[in-house]
Every structure is written in C-alpha cells, then in structure tokens.
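Both complexes below contain subunit A, partnered by subunit B and then by subunit C.
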Partner chain A sequence: MLRDTLLVAGKDLRIELRSRVVINQMAPFALLVLVLFAFALGPDRNPLITAAPGLFWMAVLFSTMFAVQRSFSLESAEGLHDSMVLAGIDPAGFFAGKLLAIGCELFALEVLVTSGIIVLYGAHVKSPAELLVSGILGTVGLAAAGTIYGALVSGMRLRETLLPLLFLPVASPVLIAGTRAWQIGLQGNSSASSPWLGLLGAFAALYICAGIVLYGPMEDMK
Partner chain B sequence: MCSLESLLEVMATIDKAIDKRRTVMAAEPVTRPAPWSARRNRWVRAIGVAAILAIALDVYLGLWVTPPDKVQGNLVRLLYIHPALATVALYVAFALAALSSALWLWRRTRAPFFDRLAAASVETGIVFIALTIVTGSLWGRPVWGVYWTWDATLTSTALLLLLFLGYVAIRKSTADPQRRARRSAITALVAFMDVPLIQFSVLWWKTLHQKSTVLNPSLTPKIGGIMGATLALSFVAFLLLFVWMLINRYRIEVLKESLEGAEMEVAIRERVAEAGTSGHLELPADLRVPVSGG
Partner chain C sequence: MSTPAIVLKSVVSIVGQFPVLAGVDLRVERGEVVVVEGPNGAGKSSLLRLCAGLLPVSRGEAQVAGYDLQEGRDGARKHIGLLGHSPALYDDLTVWENLVFHMKAARADPARIPMALERLGVGGRLESTRAGLLSAGQRRRVAIAFLVARHPEIWLLDEPHASLDAEGREMLGETVAQAAAAGSTVLIASHELEEALVLASRVVSISGGVVVGDGVTAASRIGSRAGTARFGAVAAGTGQILAEHSLHQDLLQAPVQGTDQEILRDSPQGLRPSEDGCNVA
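So, the complex of A and B:
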C-alpha cells in the first residue's frame, strides 16, 4: 500500500510540476480571493485582520474543490482507470496517494495565502505554531474528504456542481475549527487552541479511515 | 419519374413495417410491477388513519385543552409539534438512512430493499427537517425577536438539511440502479460520520465565543399533567405519520424502478423491431435516392 501511495502521489505531483495548473491557475485564484475580500470588506485594515482567519479557510476550501476536480479529471482519460486496476494498484493506496498529492498542492497554496494575508492585510502572527498545526491537520482532513467525494462523483455528468453541494457542508467543521485555531494563532492565546486542533485531527483521522475502508467499494462501480 | 403506383407501394411497405412493430410490441406485454396485497394495503391505510387521528387529537389537546404557559403564554403550544418533528427527523430518519445504507454496502445483506429504504427515509426526513426549521423559526420570532439565530442546534440542523439535499442530488443524477445505490449509500455513510463532528464544532463555536445564549435554560417549562401527555402524544402522532410517509415513499420508489425497467424494455423492443424491418424495406427502383448528388 505504501508503495502504491508513493507511486500515485508521485505521478500526480509530477503531472502537476509539468502542467503547472496549480501554480498558474490555482495560486492566482487564491490571491484573487484575498483581493476580492478586501474589496468586499473595504480598505480599512481592522475588519480585514478580524476576518482574515475566515478568509484564509474560505480560500483554502474553494481551492480544495479545484484541486480535487483537477486531480480526478486526470483520471478520467480513456482506459486510464482500467490500466490502474490491471497494474494492481491497491484502492487504499490509490486513495492515500491522491490524498497526499492534493494535500501537498493545498499546503503550498496555504503558504502562499498566509504570506498574502501577512503582506496584504498587515496581520501579525503571535503564535505561528497554531497556524502551522491547524494548517497541516485541516489540509489533511480537507484533502481526505475531498478525495472521497471526488472519487464518488467522478465520471458523473453533473460532477462540477455536485462536488460543492456534497463537499462543502461536510467540510464545515474544518472551516469552524480552522478559523478558531487561526484566530488564536493571530492573537497568541495558545492554551485555548487544543479543542480546535483536536477537532481538526479527529476530522482528518475519521476521513482517512473512511477513505481507506470505502475506496475499494467505490472503485467497483466504475 | 415517380409514378403513383410506386408511391403507394412504398406506403404499403411502411404500413407493413409499422404493423410488424405493433405485433412485436403486443406479443409480449411489458412486465408490470407486482401489485401490493390487499392485506398490506389495509395495514398501510390503518397506519395513515391512525396518524391522522393522533395528529387531530394532538391539535385539539394542544390548542384547546392544555393551558397557556406561565412564561411563554400561548407560544408553548408549538411544543406539541416542534420537538416531535425534530426527534423524528434527526434521530429516526437519519439513523434509518445510515443503517440501511450500511446494510446495503455490506455484501451479505445487500438487497434493493435497503437502498429504497435509505432513499425513502432521507426524502421523508427532508420534509420533517424542513418543518422542524420552519416551526422553530416561527417560535423564535416572538421569543428571541428574530427568525434565525446562529444557535448551535439550529446551525447543525440546517447543515443536516444540506447533507440530506446532497444525498438527493447525487441520487437524482445517477441513472444506473447499481451505481446509484452504491453512490447513495457511500454518501449517506460519509455524511453520517460527519454529524458528531458538526455537532461538536458548532456547539463549541457557540459556547466558546458567545457568553450569553438566547436559549435561556430557564425558559424551558417543566412539563406535567395534560401538557406532558399532549407532548407524548405528539411524538406518537408524528412517528406514525413518518412511518406512513416512509412506506408510501418506498412504494413510489418500487413503482419508479419498475417503470424505468418497462421503459427500457419498450425501447429495446422498438430497436429490435426496427432492425427486423429494415432488411425487408426495399424501395422500388425509381424511388431509390441516389447516394451522391443528382
């Protein structure tokens, strides 16, 4: 399984490095979201800094959908799925590989958005550990849930509209917990962050387990 | 060139083809779904009648017999609808959907029954959840002064409604019954896992950040006597209504499936009939269309 995970993740990241969709399209999109939020909330710094944690996670949530759609459109090519099955790739490994690749892309994006928030909104980070840990845990959770739903709707005619409808309500605990952890990180009150980080961790663990268990049955239907 | 005789000949050939197709269609009638037994029908009707009677009694007791509450006045009467709706929607419908989805996914218990049951309970659950939210807002307006507040219970109920709607959307957009059942079952299970996380996150979201909550615990009236009985009756009434709606929704699902099957059969036969006649349909020489130009 580990070998398959690394193979699939390596394949996806290699395709990404060569096609540069994340760098050329998703990164500008995430930055655009930051700028648009500034337009929506006005040029005053205070409301922007107050809203920054929420804006960060909204940007990440939308980017996750793009990353998931992109990742599964790679698999939709003719006969690609059959060749994966013939190559004997373990479904759980395939899931973990997709998760890893999407997670890496998202994390790179989050670093960019964070620096955007610091530079554009002038936010001061009091305890960066919260931002980092919540970022990693939240990303893993979002990537896991996104991969499950991406696989679920892949091959469907209406997948572009179905994915947000299914994924966004499920991802709401990450939005809530991530935003709170980020607020704490920006304000520097470290002791209050543990329930939120715990929630992010629980979400990630739950969806990784669900993906490993359910990915096999999901692959059967293609 | 085109004589009347040859035209008539062509028309006769087409007529013959149509006749042949009719006979093919008439030869084997399309399979009809098995009708429900009269006994079963009687049972379902009995549940329906019991639900109506119980709700009528609940309305009567709730509006005329029970006294107004000391604190909430007449608003307390919503208590005889809202908690029952919420309990049926949040616990019965959702748990039933998750359980039957899990049973469908498990190979040993895989049967179309569980897929239909999950679909029926989700769709019936949507009605109950929507009514829960509507009745809650109606109560909230005079008590809290607003139709909606970002209270933990309200927010998680709304999210649950969205999860249910996602289930229906994915079900509606898959045509193949096997894939539909699998996708729906996985959607229901993945959504079900999310429920405790949503509950916790929304609860902490409120309690950790809003010091005073609009839901003052002292508002909750102590229930006893006729009020308690009416409240208990409302649970029975709405549970009966749920069961009745569930059974009927299940039947609709069965009928829909057999209709889909019948339509497919008709389409296949039409194609077969077309293929069967095309070999015999020979146009007279002077009516054949030249292949290129002319």
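So, the complex of A and C:
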C-alpha cells in the first residue's frame, strides 16, 4: 500500500508542478478572497483580525474542492481507470496517494494564506503551534473527505455541482474546529485548544479509515 | 497439457439492465492469435473487457489464464494487457514518465521500456515529449510499447490499427507475431479485417452479444451490410478473401464452426472457393 501511495502521490505532484493548474488558479483565488474581505470590512484592522480564522478556513475549504476536482480530472481520460484496475494498484494505496498529493497542495496554500493574513491584515500569531497543528490535522481531514467524495462523484455528469453539495456539509466540523483553534493560536491561550484539535484529529482519522476501507468497493461499483 | 488461455461457457454479462454479452462460448488456446469481428455494437469490446475482468460475469463460466473470473479476477488481471480505444496516458507526463509510472504500477521492471519504445519507433527525443503533444498515432504506439515492455501472457487489443500509419501497422504486426512466438495469446477486436486477418490464425464473428461464427482455419464472416452477413473463406496468413457469400442474419442463429470444407459444404447456399483455390476445399 505504501508503495502505491508514493507512486500515485508522486505522479500527481509531478503533474501539478508541470501543469501548475492548481498553483495558478487556487492560490490567486485564496489571495483574492483575503483582499476582497479587506475591502468589505474596511480599513480597521480589528474586524479583519477577528474574522481572519474563519476566513482562512473558508478559503481552504473552497480550495479543497478545486484541488479535489483537479485531482480526479487527471484520471478522467478514457482508459486510465481501466489501466489502474488492470495494474492491480491497491485501492487503499490509490486513495492514500491522492490524499497525500491533495494534502501537500493544500498545505502549501495554507502557508501562503497565513502569510497573506499576517502581511495584509497585520495579525500577530501568539501561539504558532496551534496554527501548525490545526493546519496539518484540518488539511488531512479535508483531503481525506474530499478524496472520498471526489471519487464518488467522478464519472458523474453533474460532478462539478454535486461535489460541493456533498462535501461542504460534511466538512463543517473542520471549519468550526479549525476556526476555533486558529482563534486560540492568534490569542495565545494554548490550553483551550485541545478539544478543537481533538475534533480535527478525530475527523481526519475517521475519513482516513473510511477511505482505506471503502475506496475499493466504491471503485468496484463504477 | 496446459490450460487454455480463455474459456467462456454461455457467458452473459449484464451492465445496468442491459446484457452486453448474451451467452458467449469461446475457447482460446495459449499462443493463439484470434481476431474478433462484428458490426458496431456487436459486443467485441465488451468481450475483451470481460476477458480483462472489467465487466461482470452475470451468468455462465469464464476462465482467463487459469483463473475463474468470478472468484479470481485479480489473479487473472495480472496476466492481461489491454489496449483500449484510447491510450491510457497522462497528458502532462512525458512518454518516459508515463511508461515508468504504468510499469511500476503493474509491478513490472521498467528496464524493458527503452527496447519497447525503440521497437515501436517512439524512442529518442519523443521519450522526453509530453504525451499531450503527441499525435494520435504516436500515442497509440506508446500504448503498444507499454504492452511490449510489460509482456503480458494475454494481449487484448481493441481496434489496434486505429490511428496507425502504414509503418505503425507493420510494427504492430511484427509485435503481435513476436508476442505469439513467445507464447502469448492475442485477442484482437477489429473492423479492419484485411489488416487483422494477416495477424491471426482464427476469426471469431460476434453479433448481438453472441458468437455467430468461429472459423478455425480462417473461414468466417467477412463483413456485414443491411441485415445480411457476408461469410467467406479467408486464407490464413495473408488475409486474402478466397470465397464469399452473403447470408441473411436469420440464417445465423446457430454458431458456424468447423473447417473451411465443412463450412463450404454445409452453408445454406453453398460457398465456393475462388479460382486460385489456395487452401480451401
């Protein structure tokens, strides 16, 4: 499984580095959200810093859908699905490889958005560990859930509109817990972050396990 | 005695609610090169996909490479190479990267890739070209090169001549001949009978999801037109049509099997060999 995971993730990241579709579209989108919110909330920094945690996770959430759709569009060329099945790639490894590649792309985006919040909004991070841990756990959870739902809708005619309908409601725990953890990270009250980090960890673990167990049967049903 | 490469007994395959194969009987020995022909929608591609374990066996018995497709599908897949309608390539990866990825995914040794690319004429600078920049014919050659590098036990080629130029077709012919000589079994679904028959020692005709003709030495249906099926005796090895006759589809309910002489003798209106006779009758 580990071998297939690294093979699939390496392939997806190589394609992304070469095509730069996600970098050229996802990153400008996320930065544009920051700038537009700054326009909407006015020149006063306080409301911007207050809204920054929620804004960060909203930008990441919407970018996840973009990354997931792009990831599965790579596999949509006729014959690729059959060749993966015939090659005998472990479905759990394929799932984990997709998760890893999407996770890497999202994490790079999060670094960019965090930098944008610090530079554009003038936010001061008092407890970076909360931001880092919540970022990693939230990213893994979103990538895992996104990969499952991405695989579910891939091949369907209405996949572009169906994915947000299925994915956004289930991703709401990440939005809530991630936002709280980020608020704590900006304020510096580390002891209060444990429950929220726990929720992010549980969400990630649940969807990783679900993906490993269900990905094979899901592909067989296609 | 080795087990046959493919054994299908009354196989029905239902996708959704539609039977794409409606009771196929077929036996292919190891090392045979068999052409599957028939009109559009006859079930040629479905037959190949079923043999690859990509379609369900809803009824009947199916064995491929000695594995029961209902219970040992994963085992059978390891011995199969499928060339589908479209080459399975990632546009943003180079030819080399595509083949290395597919070889590693199939747990095969990438060391054979340079030889395979060279044989199909897509080596050299094309190796470092993105697959998305290749012509349809070049993409086809790369897909065939993957099969050469992987060297599966059973080759399933769906319209392999599509997009290939004369040189490419010649290379395909040599590739199939070498695969068969090395003991691989090759099943070719094709509309381009004249090209395909040169490669094959046997032709299976399929229509409506069932086998309607099975010419062991080369007597088989050679085309279809407006409700009639043209049956003919075809010289094995050269693809030359020696004799032909049109039969109404209604006369083809039962599969036609047997030697050339038997087909010629038993056909309802009597096939006759052409003047040059060759190896028929």
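Operating definition for what follows: the second predicted complex is superposed on the first by the 222 of 222 C-alpha atoms of A that agree within 3 Å, B and C clash if a C-alpha of one lies under 4 Å from a C-alpha of the other, contacts with A are read in each partner's own complex, and residues count from 1 in each chain.
By definition in this document, a residue touches a chain if its C-beta (ideal position, glycine included) is under 8 Å from a C-beta of that chain, and two chains touch if they have at least 3 such contacts.
Since the structure is predicted, the reported quantities are computational estimates derived from the model, not experimental observations.
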Subunit A as common anchor, with subunit B and subunit C clashing or fitting: fit
Touching partner for A:202 - first (subunit B), second (subunit C), both, neither: first
Touching partner for A:166 - first (subunit B), second (subunit C), both, neither: first
Partner chain(s) touched by A:19 [first = subunit B, second = subunit C, both, neither]: second
Subunit B versus subunit C as contact partner of A:74, first or second or both or neither: second
Partner chain in contact with A:4 - subunit B first, subunit C second, else both or neither: second
Which superposed partner A:87 touches (first subunit B, second subunit C, both, neither): second
In the superposition, subunit B vs subunit C on subunit A residues touched: B
Closest approach of subunit C to subunit B (Cα atoms, Å): 6
Residues of subunit A at both interfaces, subunit B in one complex, subunit C in the other: none
Subunit B-facing residues of subunit A, complex: 145, 148-149, 152-153, 156-158, 162, 165-166, 169-170, 172-173, 176-177, 180, 192, 195-196, 199, 202-203, 206-207, 210, 214, 217-218, 220-221
Residue ranges of subunit C touching subunit A (in the complex, touch as defined): 49, 52-54, 74, 77-78, 80-82, 84-93, 97, 101-102, 104-107, 130
Residues of subunit A that touch subunit C when the two form their complex: 4, 7, 11, 14-15, 18-19, 74, 77-80, 82-89
Subunit A contact footprint on subunit B (complex, rising order): 105, 159, 162-163, 165-166, 169-170, 173-174, 178-179, 182-183, 186-187, 189-191, 193-194, 197-198, 200-202, 204-205, 208-209
